[in-house]
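Should a chain be cited, it is by its letter among A, B, C and D, assigned in written order, with residues numbered from 1 in that chain.
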Amino acid sequence: MIPGVVIQVAYLAAAVLFILGLRGLASPATARRGMLYAEIGMLVAIVGTLVQHEIVRYDWILVGLVLGSVIGAPIAIYMPMTAVPQRTAISHMCGALAATLVGIAEYWRLRGQVPHAEMAALAFEVMFGALTITGSFMAFGKLQELVKGAPITYRGQNAVNLTLFAVTLGLFGYLVVQPAAAHVFYAMVGLALLIGVFLVLPIGGADMPVVISLLNSYAGLASAATGFVLGNNVLIIAGALDGASGFILSILMSRAMNRSFRNILFGAFGSQATAAATLSATTDKTVRSISAADAAIQLAYARSVIVVPGYGMAVAQCQHQVAELAELIEKRGGSVKFAIHPVAGRMPGHMNVLLAEANIPYDRLYDMEDINGEFENTDVALVIGANDVVNPAARNEPSSPIYGMPILNVDRAKSIIVLKRSMNPGFAGIENALFYNPKCSMLFGNAKDSLVQLITEIKAA
Amino acid sequence: MIPGVVIQVAYLAAAVLFILGLRGLASPATARRGMLYAEIGMLVAIVGTLVQHEIVRYDWILVGLVLGSVIGAPIAIYMPMTAVPQRTAISHMCGALAATLVGIAEYWRLRGQVPHAEMAALAFEVMFGALTITGSFMAFGKLQELVKGAPITYRGQNAVNLTLFAVTLGLFGYLVVQPAAAHVFYAMVGLALLIGVFLVLPIGGADMPVVISLLNSYAGLASAATGFVLGNNVLIIAGALDGASGFILSILMSRAMNRSFRNILFGAFGSQATAAATLSATTDKTVRSISAADAAIQLAYARSVIVVPGYGMAVAQCQHQVAELAELIEKRGGSVKFAIHPVAGRMPGHMNVLLAEANIPYDRLYDMEDINGEFENTDVALVIGANDVVNPAARNEPSSPIYGMPILNVDRAKSIIVLKRSMNPGFAGIENALFYNPKCSMLFGNAKDSLVQLITEIKAA
Amino acid sequence: MSGISFIELYVFVLAAFVGYQVISRVPPLLHTPLMSATNAISGISLVGSLVLAGANYGTVATVLGVVAVTAAMTNVVSGFMITDRMLRMFKRGDDRK
Amino acid sequence: MSGISFIELYVFVLAAFVGYQVISRVPPLLHTPLMSATNAISGISLVGSLVLAGANYGTVATVLGVVAVTAAMTNVVSGFMITDRMLRMFKRGDDRK
């Protein structure tokens, strides 16, 4: 009785602390305290579990805990901030792996003597868990460029996938009716693992953030199902929180990208071809290229500058140079603001983290709605590796695939300087009329190199 | 098994519908749909309950349902909007009555054979229920002026109340240990009923809204405890929602009034004497009284008017005249806005409901923060029965009891017209320097009569 | 009495969180309807009272049950009707004839 | 396996509501830390794995349990540490030296 009460109280406390922890993330001022709550919650839950009767030996537990810490800590300490998407993918894989293994062990231990309702939860858990394991691993591979990032498609792909789904669901249904059919159980796990691979193959590397968030909510659902199987409420609650987070982020992303889930999951993004076509059709327009020296002069004498970072800043890893440049301009009396588009970069909040890493205070990062009115009165808009998020086609070309997506009104600034390596399109694979705007000058080259040149020139000016 | 599942599903659906219903209240545009959800939820829960096995006869149920509808509907249809506080009090009484009776019947039925944990929930339920019954009834009496509204105090009151509390808690503890002690159970119910009376006696009629909200959260807690006793989750959830609502509203009110709970519950607001003293000390200052004709001319030629309604508008029930006057001024080309202080009137949202009743669209009602900057550019601020919420002492007299309470900056308007009957103070019982401001003119008289005169004069102008 | 399981505490705590968050989002404009809406919802204690009035637990239980049903039903009916009456009054500027 | 009671559905539904509301309030500024924070919290599946690794359910269960503990613990440790590392980077203008 007593250990039962202890553990229940511990789990309830953990659940409350997790919720309070996530509430803390409503503002940067309370976020660290919130995370402390969540950490305490985790500790309470672990300690509470360890006093349970069923646990009779601690040696193997210790092995697992030490191994996990030894793997986890270096990842956390040495991982570059630009690798956050990959790490997130791996982390979903770990979470799903734990849920799936617990489910399989539970089934194995009970030798299939599982009541129907529990079997449904258990089958749900291992099915979602298994497909999240391989799906996340594939996503990791594409992001880390171990696997070819481009969508891998073949004829009849959708038919194959649908068949796989249907068969797996069939096995699921069979299991609920006949929980003792062990071979069916293991077959279902195997098929779910396959589904994870096939699901992610046709999706382009750049669409991975949405996929990762979706897998996040699947991992959460698997974890909640584990809670149902084990009758453990803190698992149910944490799984629901996790699932909600993944779901909301993927909705926000696909909305800000102006695309539907269906389009992302089954579209296999065939736009490369179209993009090339439009590009060639407009090569007769002129592009003004600018030298670093000239650009430096413009920036040195500008009274107001808005920096618009994009995915290119993450690729070039030049956030520190951006901060240095901004400081330099401010020392000379100009004002510098940062305009952050909600889907700039490749994951939610990407630009914010990078700029924070470069020590730029967050009250100088402006959300799109807050800064869009200010471009008109801005001397120079400095676009660093951003492309789609400043593409005016979203506003005025109904035929464009990004039409309707809200963008930063960079084209309203008095002059525009764009740092990128070439005229290649960005993520959406479409051309950008901004670069042909007479007010716009292109400073070609890797953003990091260009920024270093700009800084040297301005210092000399 | 089957009816069990039906009822569980019904209750879960009801809980979800209640939550969605309250979410709808986040905006007037979705509020009615939200309430429809809540109504459907209630219907689902009732129907789900009626199919339960335990129910063997429906005649008495029908009697109760019909009686309840026959009592409830006329209240809802004929009650004047100004009587909302009283009705709320009565409604908490009914809710608490239902919870308490269910608790007593449960105890009676089981002849005290109740396990300890259940007994704690049961005793909690009847204790909070009973004190809410009488407390709400007293509050109703004071608001409806059946009982003397002024605080009723006597020497040693706090000592008596504390003893009562202590004895009741003692009985509570005894019951948890000895659930079979029936006489202790009924004694505790009796004492809790007494506590309700004694708790509300020393609180002034004007402080009732805070008390009502507190009783609201008690009723919610009692209802949640019923849920624990009966193992009924929808009761737990609805009770928690109810409790949260009462709690939040009472916090908001006491914060906006710049007073602590302790002060309200035990302060017995002794400020009448002080108020009279300050009043007499300043009668040498001059007050400009104005005739309806002169006020009408000012209003008729004002280009911008802000109306500031207060409790006096509710007392005079003159919201329709206010609307008529506003329309008249607008027809003549002036602009009219309404400034709503969060605690104007005597209950949360009081002014909003009254003005909505008079058909004034809600987008013309401005919250304090949104309109406070506009008084400076306003020709006439028309204060209708408001007093404390426009008292500049809150801003510049650190010794004032309302110092620190946010107020409407009426004194910054180019001129001010105040409609009230006398120089008497308002709720807080303190004098208002605004009325001695050289820009301020007083139009004495019942607000309804004054408004009728103003309307006639403006029509004639 | 079906026995208190610890899990009901989870339900209560989570519901309190939900309540806190949902109610914090209600604007002052709608605080009066909010009060009557929660009154109506609190009428859910009806479900406990119905069993009391309809099961054969003896006369005392039935009498208490009928009173409880009446009280709770009063809340439900008047609460929802008043809330609706109030909400019907709230209009945007452009809805006005 | 302790049997599924219906009440667990309540817990799930309410937790989903709480999650939806809490997460909607996180500003875009903190979406990346949010992702790693939920990763860390999802490591709570540790509590299931610990029992598996520590109870005497046989070798297969123990092996699966140890792998599961390792995987979950990796999430907990790296999730919380990365979140903290990121959050430490977010500074207001006036905190900057």
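In the analysis below, contacts are C-beta pairs under 8 Å (C-beta built on N, C-alpha and C of every residue); 3 or more make two chains touch, one makes a residue touch a chain.
Remember, predicted model here, so these are calculated numbers, not experimental data.
Shared contact partners of chain B and chain C, listed by label: D. Distance from the chain A centre to the chain C centre is 42 Å, each centre being the mean of its Cα atoms.
A separation of 35 Å divides the Cα centre of chain C from that of chain D.
Centre-to-centre separation between chain A and chain B, using Cα means, comes to 46 Å. Touching two or more other chains at once are residues 15, 19, 233, 237 of chain A. Under the contact definition stated at the top, the residues of chain D that touch 2 or more other chains are 5, 7-8, 10-11, 14-15, 17-18, 22. Chains that are in contact with each other form these pairs: A-C, A-D, B-C, B-D, C-D. Of all residues in chain B, those touching chain D in their complex are 5, 8, 12, 15-16, 19, 233, 237.
Chain C meets chain B in the complex at residues 1-5, 8, 11-12, 15-16, 18-20, 22-58, 60-62, 64-96. On chain D, the positions that touch chain B within their shared complex are 6-7, 9-10, 13-14, 17. Looking at the complex, you find that chain B touches chain C at residues 11, 14-15, 18-19, 21-23, 25-29, 31-32, 35, 38-39, 42, 45-46, 48-50, 52, 54-58, 60-61, 63-65, 67-69, 71-73, 75-77, 79, 81, 84, 87-88, 91-92, 94-95, 97-99, 101-102, 104-106, 108-110, 114-115, 117-118, 121, 213, 216, 219-220, 223-224, 226-246, 248-249, 340, 342, 347-350, 352-353, 356-357, 359, 361-365, 367.
For chain D in complex with chain C, the residues that touch the partner chain are 5, 7-8, 10-11, 14-15, 17-18, 21-22.
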